[in-house]
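Alright, structures below, take your time with them.
Here come two complexes built around chain A, the first alongside chain B, the second alongside chain C.
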Partner chain A sequence: MNQPELRKISADTPFSLKTFFLKWEWFLLLIFIGINVMNSLISPYYLSVNGLFTATNSFLEKAFIALSMVFVLIIGEIDISVASIVALSSVVMAESYNKLGLPMGLALVVCLLVGSLCGFLNGLILTRFRELAPMIVTLGTQILYRGIALIILGDQASGGFTSIKWYSNFYWGKIGPVPYMFIAFAVLAVIMGFILHKTTFGKRLYAIGSNRVAAKYAGIRVERSRLVVYTLSGLFSAITAIFLVARMGSTRPNVAIGYELDVISMCVLGGILTDGGKGNFVGAVISIFTIGLLRYGLGLINVQSQLMMVIIGALLIIAVMAPHLKPKRRLKSD
Partner chain B sequence: MKKLISILLILSLFGAAVACDGGTTSTTAAPTEAPSATEAPAEETEAPVEETEAPAEETEAEEEPEAEGGVEGKTFALLVKSAGNPYNEKEAEGFTKAVEEFGGEVIVRQPEKATAEDQITMIGELVAQRVDAIAVAGNDFDALQPALTQAMDAGIKVLSLDSAVNPESRAVHVNQAGTELIGQALVDAVFDLTGGEGQFAILSATSQASNQNAWIASMNAILEDEQYADIEMVEVAYGDDEYQKSVDQTQALLKNYPDLKVICAPTTVGMMAAGKVLKDEGSAVKLTGLGLPSEMAEYIGEGDEFPCPYMYLWNPIDIGYLAGYTAAALVDGTITGAVDDTFTAGDLGEYTIVEAGDEGTEVILGPPFRFDPSNIEEWKEVY
Partner chain C sequence: MTVQKEPETILELKGITKLFPGVRALDSVHFDLKKGEIHSLMGENGAGKSTLIKVISGVHHPDAGHIILDGKERVFRGTKEARDAGIATIYQHVTSYPHLSVAENIFTGHELVKNGIIQWKEMYRRSDELLHELGADFKSTDEIEALSVAQQQMVEIAKALALDSRIIIMDEPTAALTKQESEQLYLITERLRDKGTSVIFISHRFEDMYRLASRVTVFRDAKYIGTYRVDEISKRDLIKAMVGRETSEMFPKIELERGEEALRVENLSLTGYFHDVSFNVHRGEILGVTGLVGARRTEVMECVFGARLPSSGTIYVKGEAVQIRHPQDAMDHGIGLLTEDRQYQGLILDWTIGSNITLPIISELGNGILTNERAERSKAKTLAEKLNVKAQSIFDKAKSLSGGNQQKVVVAKLLASDLDVIILDEPTKGVDVGAKAQIYEIISQLAGQGYAIVMVSSEMPEILGMSDRIMVMCEGRVSGFLTPDATQEDILHLAMTKDTEGEE
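For the complex of A and B:
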C-alpha cells in the first residue's frame, strides 16, 4: 500500500497581526472605552468606586445567565425559557423555606436543583424530538415554567429573606468595595471561559455549532452535549434566581420578566453568532459590562427609559450589522 | 468604508446621549423654566402657565412661616411606578411644581416596566447621584426595602407616595385618602349601582400593589356588615395596569359571571379598559371605581350607553405636590416623619402626620372626590 505523505491538519488559522486586530472584540473594547469616557464626561458621579460596583451588581445578576447562554448560542440554538426558570426556581426556593421550613442553605440547593431540572427537561425534549426547533420548545416551557410558579404562589409574594443576613449579603455584602457577587461572577466567568476555549468539550460545542452533521460523523456525541448545555443554562438561571431574591428579599411569579432578551442582547453584542459556531467568551463579558455601564451612565443623567431602549436597540443593530459587513470585503480582496 | 459608517453611527449615538443630558441637568432651580425632558411634554402645556406667576408670590409667602432656604438647590427625586401611565405623569407634574416653587432641583424617573427590579436599579442610580430625597410610588411593598435602607444610610430622606413601601423603608407615606374612606365610598357605589343585591367583581392593577390591596381589604371588611349581605364579590381580577390585559380580564369576567351587575376598578387603566369593553359590547354591567376624569369622560354619563354613572378619585397633581413639600420638610428638618409633626404644604395648607394602618406614619391628602355627569366636563380639562 502506498502510504500518502503525512500532513499536519489543524483547524487553527495561522496567527496574523492583521486578523488579530480586526477581531470584533477589539472593536467592542473600543465601544466599551468610548462609553466609559462618555459617561465620565456627562456625569460627575460616574467615576466613583462605590457607585460603579453598585451599578455592576444590578446588571451582573442577570449576566450569570449570559455565561451559559453563550454556550447555547455557540451550538447554534437558543433558550428563551431562562427568565421563567429564574421565576420558578426562586419561587420554589422561597416556598420551601417559608412553607416547608427547610433551612436556607438547603433551600438554595433546592433552587439550583429545580433550575437544572428545568434546563434538563428542555434538553431532554430537544434531544428526544430532534426535529423540533429550540425556539419553539423553549417558548413552550417559558410559558409552562412561569405557569407552574403562578400555580405555586398565585398572585402573592413570598418573602422575609432580608432578615437572613448571610443570605442577603450574597447581593448586598462586600469585601472592601468589591461585592461578593462580583467575585462570584468573575470566578464563574473564568471557569466557563476556560471550559469553552480550553477543553475538548468546548471545542466540540464549536464543531456542533458549525456543522452538526459533520460533528456527528466526526464521532462527537452531539445529543449528549446539547443536553449538558441546556442543563447548564437552567443551572445558571437558578444562580441568577438566588442573587435576585437576595437583592429583593422576596420573590413573586412575575419576577425577571424580559431577562431572556436582555441576556441574548448581551451575547449578540458580544459577537456570539446566533447561527452557532462563532464567538468569543471575552467578547460576551466585555459586552455585558458595555451594555450595563451604558445603562448606568444614562441612568445617572436621568435619561428616560424609553430613550434608553432606543439607544441600546440601535447599538445592537450596529453590532449584528458590523460582522456581516466584513466578509464581503474579504471576498473582494481574495 | 462600512466600518466608518458604523463608527459614525455610534458617535451619533453618543451625541444623542450627551444632547439629552443637556436637557435634563439644566433644570436647576429656575422655576420659570419648562420642567425638562424628564416629564411628558404633552402634559406640561397648562401647568407652567400657572406656575409662572405662582412662584413669585409663593417664595415670598413661604419665607415667613418656615426656613425654606434650607431646601433651595437641593435635589428631589420622584420614582414613579412605570412609564406611560397618565396618572403617574400627573403626580410628577404636581411634584415638579412643588419642588420648583421652593427652588429645589427635580428628577423624575420612570421605569420601563412596573417592576420592583427596575425600581431598585433606579434607586441605586439616584443614590449614586447623591440626591437629597427620594419619593417613591412602590411597585412592591417589601422588595424595595434593602435598596431604600441603603439610600437612608447614605443620608437620603425617603418617603413613599400613592403606593406605600413598608414602614422600615420610609420616613413617611403620603396617602391620597384614608384607606377606609375609599373603601367605604367604593362599597357604597357598588351597593347603589347593584340596587342593593347581586354580584360584582373587582378589576385591580398588580397583585402586589399595596394601595390596591389595602382598598380591597378595606372593602372586604366593610362588606362583612349585614347591610351589604346581599351583594357578593365574585372575583378580584388583576389587569396589571396594562390596557390589553385589563381588556382581556374584563371580557373574562363578563363571560364567567353572566349575572354580574357591577365592575369596580380602583385603577384608571382598569377603568379605561373596562369602560371600552362595556361600551363596545353594549353591556348592561355598570362600572365604577377610581379613574382619571380626562381618560374616563367619554364613559361617564346618564343612560344606558354610558357604562359609568359616577366614579371617585383625588387629584393626583395634589398628591405629587404634597409629596414634594413633605420631602422638603424632611430635608430641612421641619419634620422627621413622627406622628403629630406638622408642616405647611404650599397652596394646600397645613398637614399633620398621623399613624398609618401598617404601623408606619402617613400624611393624608383628603377624602375622595366624586365625578359624575354634572362635573366631569369641567374636570376632564384639569387632569
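For the complex of A and C:
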C-alpha cells in the first residue's frame, strides 16, 4: 500500500507579535492607565497609597461576585439572581445574630450557607429542567429570594454590627495601608484564576461553554459542573454580603439592588463574553478595577449618576463590538 | 417504449467551474438535459452534484462556463431568475412551513393576488387540481405537519408545477421514503416526463436510476466523468466510474482471527425509539450496522454510549454487566463513540486541534486536578501525526480543517482514551473520496490492533466492503444479521422488513 509520507506536525506554542499585541487585555490596560491618569488629575490625593486603597475599597465589595460570574459566563450562562442572594443571605445573617442570638462567627457561616444554598437551588432547577433558560430561572429566583428577605425583615433594617469591632474590621480594618478586604479579594482572585486556567475543572468549563454537546460526548459531566458553578455564584454573593454588612453596620431587604448588572458589565468589558467559552481571568480582573476606578473618579468630580451610566454603557458597547471589528482588520493585513 | 426522434436539448451546461475558498467544487463540468427526459446524476458525496444543482437553480454563480437554456445563454443572478425561467428544485430535506396548509405552501412567494387581496378560494381550488393530477390522497387545506415525508414531497412537486416549471431537480427524493412511497414517486415522475417536463434526479440508490432514468451523468472529485445510457452501462462499470477504482481496492479489509467478546447488548429498548435490540461484537471484528432512515441506529448507539438512557436492557463489557448512565461511564468501560455529526457533537470548532484531541483525557494526563499542558501537547502531536492530519501545527483551529481531516481529529480524540470498543456512526459522511479511503484504512488497522468496532453506515458498499458481520435494523428493531457475502438487495430486503426473526 502506498502510504503517503507522514507529515510532521508542530507542537510548539505559536507566537506572533501581531496576535500578542492584538489581545484585548492590552487595550483594556490602556483604558485602565488612562483612567488612572484622569483620576490623578482630578484629585491630587488620588495617586498615593492611601488614596488608591480608598478608591479600591469603594467597589471591591461587589467585585467578589464578579469572580464567580466569570465562571457562569464562561459556561455560556448567566445568573441575575446574585444581588437578591446578597440581600437574602445578609438578612438571614443579621437576623440569626439579632433574633436567634447566634454568635457572630456562626452567623457568618450561616450567611455563606444561605448564599450557597440559593446558588445550589438555581443550579438544581437548571440541571433538572435543562430546557429552561438561565436568564428566566434566575430572574424568577431574583424575585423569589428578595421576596423571602422582605418576608423575614419587612420594611425594617437589622443592624448593630458596628459595635462588633472585629467584624466591621472586615471592611474598615487594614494591615499597614492594605485593607483586609483587598487582601481577601486578591487571594480569592488568584485562587479562582488558578482554578479556571490551571485545573481540569476550569478547562472543562471552557469546553462546556464552547460546545456543550461535544463536551458531553467527550465524557464531561456537564450538569454536575453547572451545579458547582451556580453554587459558587451563590457562595461568592454571600461573601459580598458579609463585606457589605461590615461596611454599613446593618442590612435591609433592598440592599445591593442592581449589583448583577454592574458585575456582568465588569466581566463583559473584561472580554468574558456572554456566549461562553471566551475570555480569561486577567482581563476580568483588569476590567473590575477599570470600571471601579472610573466610577470612583467620576464620583470625585460629582459627575451625575445618569452621565456615569452613559459613559459606562458606551464603554460596554465598545467592548462587545471590539471582537467583531478585529477579524476584518486581520483579513486586510493578510 | 417506442424510440422516437431525438428530442431537443432544453438545458446545456458547458465548462462550468465553481470555486470556493480553498476548494474547486466544480472543475469544468458538462451536463445536458433533453426535453421530457429523466436524467440521473450520480457520484459520491462531495463529487459536486449539489454544487451543480445550485448553479442550475441560481443559488451559486459559476466562476467560469456557460448555461444554455432553450439555445440561449443565460446567467441566473438569483434563485428567482432561475425559477422564473422554469427551473424548480425539490431538496432532500423538505423545506416547507410545517404549520401552514398545503395550499399556502404551494403558493408561498407567488400567492394569487387580486387588488392586493389574496384569493384564498382560488388558491385552494388550484391546489386541489394539482394534487388530483398527482394522485394525492390529501387535501389542500391539510396542515403540512400532519403529512408523511412522501406526501410533503408531493406538495413540493405540486409547488413546482404551480410555477409552470419545465425542469424539475430532485435531490435524493427517495432517501427518506419506504419502498411503496418510492414507487409512488416513480409513477409521478414518469407522469411528469410523459407530459414533457424534464427531470434531473439525484440519488445514491442504483434502483432509482435503473427504474427511472434514461441517461446518467457521473461526477467524481468535482470533475465530469461521463454521460451514459442507463441500458448500456453495468452497475460494476458505473461504480468504477463513480469511485475511480474497483470496489475491492477501496476497502482494505484485513482478514482477522476473531478475539474474545468485547461488548454484548441484550434486549436494549428505548420507549418510542427501539425495542429489544441485541447484538455483540468481538475484538478484531467489525460489526456493520445499517438500515434506512428512521431505523434508529444512532439512538441505539447513543444508549450504549450513555448519551441517552435506555428504558430497559443490559450491556455487558467483557462478559460483565455494567451500568452506563453517562458518556464518562462508557469511556471508563472502554467504549468510545464517534458521533455522526462531528461539527456539532464531536468537535469544538473554535478550539485547536490539540485541545480537541486531549479533551477527554485531561484528567489522565494531569494529576487529576491540575492540567499538564506539556503532556497534552506531546500526546496530541503523536496522535495527529499517527492519523496523518493535514495541519501545520496542533495549534491550528479545528474549524480550519476540511471535513475529512476534522474526522481524523475526532478519531484521534477517540484513540487518546484507552478503549476496547469503538462505535463509529457514519464515519465517512460528508468526506471526500480520498479521505474516505484513508478512513477505511484506519478502521481496518484499528480492527487489526484488536479493537472491537461497530460501524454504523447508510452506505451499502461501505457496509459490505468493511464488515465481518452485518446487523440490519428496520424501524427500531433488528431485522436480521448477514455475512459480508450478502448483496445490497439482501440488505435492502431486511431493511424494509419489520418483523423478521434475525438469525446469524
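Here are a few things to note about the model shown:
Here, the second predicted complex is superposed on the first by the 314 of 334 C-alpha atoms of A that agree within 3 Å, B and C clash if a C-alpha of one lies under 4 Å from a C-alpha of the other, contacts with A are read in each partner's own complex, and residues count from 1 in each chain.
Here is the rule we use: a residue touches a chain if its C-beta (ideal position, glycine included) is under 8 Å from a C-beta of that chain, and two chains touch if they have at least 3 such contacts.
It should be emphasised that the depicted structure is a prediction, and the values quoted were computed from it without experimental measurement.
Look at A:K165: by the touch rule set out above, it reaches neither chain B nor chain C. When the shared chain is aligned, chain B comes close enough to touch A:A322, but chain C does not.
In the superposition on chain A, contact of A:S210 is made with chain C only, not with chain B.
Within the superposed three-chain model, A:I31 lies in touch with chain B and out of touch with chain C [touch as defined at top].
Touched residues of chain A, counted separately for chain B and chain C, are more numerous for B. Looking at the shared chain after the overlay, A:I257 reaches chain B, while chain C stays out of its contact range. Contact with chain B, but none with chain C, is seen for A:M309 once the two complexes are overlaid on the shared chain.
Common to the chain B-facing and chain C-facing surfaces of chain A is no residue whatsoever.
Residues 252, 305, 307, 326-328, 330-331, 337, 339, 344-351, 354, 359-360, 362-363, 366, 368-371, 377-378, 380-381, 384-385, 388-395, 413, 417, 441 of chain C touch chain A in their complex.
Per the touch definition, chain A reaches chain C in the complex via residues 1, 4, 6-14, 198-204, 207, 210-211, 213-221, 277. Taken together, the chain B residues at the contact with chain A in this complex read 2-3, 6, 9-10, 13-14, 16-18, 20-21, 24-25, 37-38, 83-84, 107-113, 115-118, 120-122, 124-125, 127-130, 140-143, 145-147, 150, 206-208, 238.
Put simply, chain A touches chain B in their complex at residues 31, 34, 38, 41-43, 45, 48, 50-51, 54-55, 57-58, 154-157, 159, 162, 168, 171-172, 244, 247-250, 252, 254-258, 296-309, 311, 314-315, 318, 321-322, 325, 329.
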